[in-house]
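Single-structure report; data block below.
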Amino acid sequence: GRLLVLIAGPCVIESEEATLRHAERLMTICNGLGMPLIFKSSYDKANRTSINAFRGPGMDEGLRILSKVKESLGIPVLSDIHSIEQVAPAAQVLDVLQIPAFLCRQTDLVVAAAKTGKVVNVKKGQFLAPWDMRNVVGKVAASGNENIILTERGASFGYNNLVVDMRSFPVMRSYGYPVVFDATHSVQLPGGQGESSGGQREFVETLSRAAVATGIDGIFMEVHEDPSCALCDGPNSIPLAELPALLKRLQALDAVVR
Amino acid sequence: GRLLVLIAGPCVIESEEATLRHAERLMTICNGLGMPLIFKSSYDKANRTSINAFRGPGMDEGLRILSKVKESLGIPVLSDIHSIEQVAPAAQVLDVLQIPAFLCRQTDLVVAAAKTGKVVNVKKGQFLAPWDMRNVVGKVAASGNENIILTERGASFGYNNLVVDMRSFPVMRSYGYPVVFDATHSVQLPGGQGESSGGQREFVETLSRAAVATGIDGIFMEVHEDPSCALCDGPNSIPLAELPALLKRLQALDAVVR
Amino acid sequence: GRLLVLIAGPCVIESEEATLRHAERLMTICNGLGMPLIFKSSYDKANRTSINAFRGPGMDEGLRILSKVKESLGIPVLSDIHSIEQVAPAAQVLDVLQIPAFLCRQTDLVVAAAKTGKVVNVKKGQFLAPWDMRNVVGKVAASGNENIILTERGASFGYNNLVVDMRSFPVMRSYGYPVVFDATHSVQLPGGQGESSGGQREFVETLSRAAVATGIDGIFMEVHEDPSCALCDGPNSIPLAELPALLKRLQALDAVVR
Amino acid sequence: GRLLVLIAGPCVIESEEATLRHAERLMTICNGLGMPLIFKSSYDKANRTSINAFRGPGMDEGLRILSKVKESLGIPVLSDIHSIEQVAPAAQVLDVLQIPAFLCRQTDLVVAAAKTGKVVNVKKGQFLAPWDMRNVVGKVAASGNENIILTERGASFGYNNLVVDMRSFPVMRSYGYPVVFDATHSVQLPGGQGESSGGQREFVETLSRAAVATGIDGIFMEVHEDPSCALCDGPNSIPLAELPALLKRLQALDAVVR
């Protein structure tokens, strides 16, 4: 059987040094656990709640840093893309092109990403039912690309709250592609702090365990060596120091259902 | 540590013979797994969607049958109560008095049940947040009864659908009492068939696995030897023949997180 | 055409004197507007959030006071009933028997109320779709009573929040019975203050206007001469002094769509 | 006081002839009612459910047609924009740049639209609370543009369904800019037909009346001379023939609350 994969990294690229340091620590953790790793970090947070929030180094500088991670550590890298113009340069560097949840219905972006032949990770929109992803899968596959990952990151549940419907995992897996659970965005309280989103880090383990027990292919987590200093999504990021024990528990659950 | 408990039985008491037969088969299954069993069956379905639906044998006859289960098999029995008048006779027979979800806010019923000293299992209303159960717990405890079980059975999610928010388990467990997951009512589609509620039996295992992996105390399932013939809640009942394998998987997950 | 009816009064019967005083002021207001009035006040709040909350004078004393309102002012009275035992005594006094939202699926209560021949006002449960009320209507009508009122009071929308779906008015009106909008319970934030429910009085007018503009038969409001001193539901009660202007605006909208 | 404005047109530009014909009929209707009109039609439906759905003539041809509408009839025109690259050419022709709901959090798009100085109409995302729009308004205003319109088009309510929370109108109006109700997208059932979105045209009038009665600035409707032949969003489009009577009723309600 396949192994449970980890997609992880700091929410946003804060600096070259910090990015490489996080990637290296993640690699060490995953090597110790025999867990495949895809490094994730965003070069641009294009949809922050407030116009004044930190957005990252921009695409060119961000891709340069991610390419350095890839070369120096030999691990695949993932980042999200926000417009058709970004697809070609991003595909030069990235192993996985991620379609953000808000953009999962933008046909041109999905198709352009698909046509690169790279792995495309589509996050399910907070406004979609699990079965609505069949049409998204159809857009990628119709573009000749079967390297698809689908990611659950919670559904709108009233205002400023998300709920993870565990039924979404078997529904989305039935389409024949790997399904990932984004454990840290799923505990966001969107807009819940007025000018930024809150987060309930205390529920990351609960939801991760539940998702893994249903039988999934990977887990996605934003991590940080010190979440209280993170420049984005600190309230829901997992401290690196807590990661090994958490992943070990998830692997043990995964072993039961695999 | 404590063992994962099973609360199970046919939704409604269909006949003395059928009830005893189901109880015996459940006991055999649970003995084989080393899993404590509480037998559940309702003597009256007081809130069926349609006025023409089968409701059960009524309280007197139902309690007589449940007392027979108890005596002949030596297993504890649970049923739900719907009015203060039912509390005293029910407490004569039942080991666990269950407060239905729709009634979980009816102070007099909760208090009357609590005052019997019996175990009180309160199902969380579909209209309540997990933290709203703190006040329900308060009503029972203020009546001098600490034998409390809290049961999750899904929250309203749009129309004719429920979602199980796995965050509810750690929230409710933080109140210090055992927490149970009702796996079969949680997959109901309330009113979803016009004159009765639909059900998505195919999601029972997914949700059960997820709930057990978060760390809970018991699992509640309506079972039937032949769900297609069940007089109530057939669409979401688990066939007895599938139960042993399912429970074994849940025990294996439970062993990881206990 | 029929006139827009007002169902109003203090949430709970606080005292004989206060009840009569509120009823008289309401009558004066409605007479001035040519608006039919049904006086509403509860003798027992059976499902308060906290066990320590004020519940009212109890059924006997409460019915005595309501019967005094009826005799001295000549206006119909409404109160909610919580168990089958209350149906007969309540029907001696009340013109309208109200089924609380949490209890709208309790078949025996609905049928017992129906069999009195009195008008039965069923509040739609927060957990029901508008079309689910067809089966509730069926339970009343099958008991030989066509004097039915259906009341919208909001649907669960995430946690501790309700939303009023205006589509519910035409759906419920299509069953052939008058439909009422409960403007003050619809702005509750259930459990939103920890040990009691919060309320957004500032939205009562917005929602009332919207509901009346869709074409409804009546409006339900809890009112109080001084909401800050109300013993129940103060945060969402309307001050009596503001009522005449509000009702006048609603009548003007009603005139457009009637 | 200001007049209630209509933003209307066929969902997508089907042809030059059809577009001009619809615009002319709309102008005649609005002139007859003394109602200001903004003509709306999309040159590209960038987020259709299925990859095979009709998308429109594309930006260049679409803008050419809209500019013809503008010149020949002298009415302002609105269309939605989907990427930064579209902003400059669109601003050459359009009077109102519309930000689609799914894209309302894309900072760069919002800012680029704002910097044109044109009126920017932002549709509230189905995944946002009304108060979350304060930050969106902030992004436009911080770009030096106070010509802002905010449009309500329903919030996610479970799966494949939207609910219009009438509280959103006073909340969004409190930010000081005109608020519009999109009556036809609000009755969509997103993804509700498997490969396309369903729609409940029968609720357009109910919701429009309700919204207007709360006090809003404009109403947005997709219309078609024959919705059964529309190339997009037929199930929720209003037949042109029914529009005058509907608008007259809305004006009458508006007159009461203005």
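Order of writing sets the chain letters: A, B, C and D. Residues in each chain are counted from 1.
Simple rule for what comes next: contacts are C-beta pairs under 8 Å (C-beta built on N, C-alpha and C of every residue); 3 or more make two chains touch, one makes a residue touch a chain.
Keep in mind it's a predicted model, so treat the numbers as computed, not measured.
Dropping chain B from the picture leaves the other chains, by touching, in one piece.
In this entry, chain B maps onto chain C through a rotation of 180 degrees when their C-alpha atoms are superposed, rounded to the nearest 5. The chain with its Cα centre farthest from the Cα centre of chain A is C. Chain centres here are Cα averages; for chain A and chain D they lie 33 Å apart. Between chain A and chain C the centroid-to-centroid distance comes to 48 Å (mean Cα coordinates, whole Å).
Chain D has its Cα centroid 37 Å from the Cα centroid of chain C. Shown for chain D are the residues in touch with two or more other chains, namely 155, 157, 159. Those residues of chain C whose C-beta lies close enough to touch chain B in the complex are 46-51, 55, 82-85, 102-103, 105-108, 111, 125-129, 131-132, 135, 138-139, 142, 155-156, 159-160, 190-191, 195.
Looking at the complex, you find that chain D touches chain B at residues 157-159, 161. Chain A contributes residues 155, 157, 163-167, 169-170, 200, 202-203, 206-207, 209-215, 249, 252-253, 256-257 to its touches with chain B in the complex.
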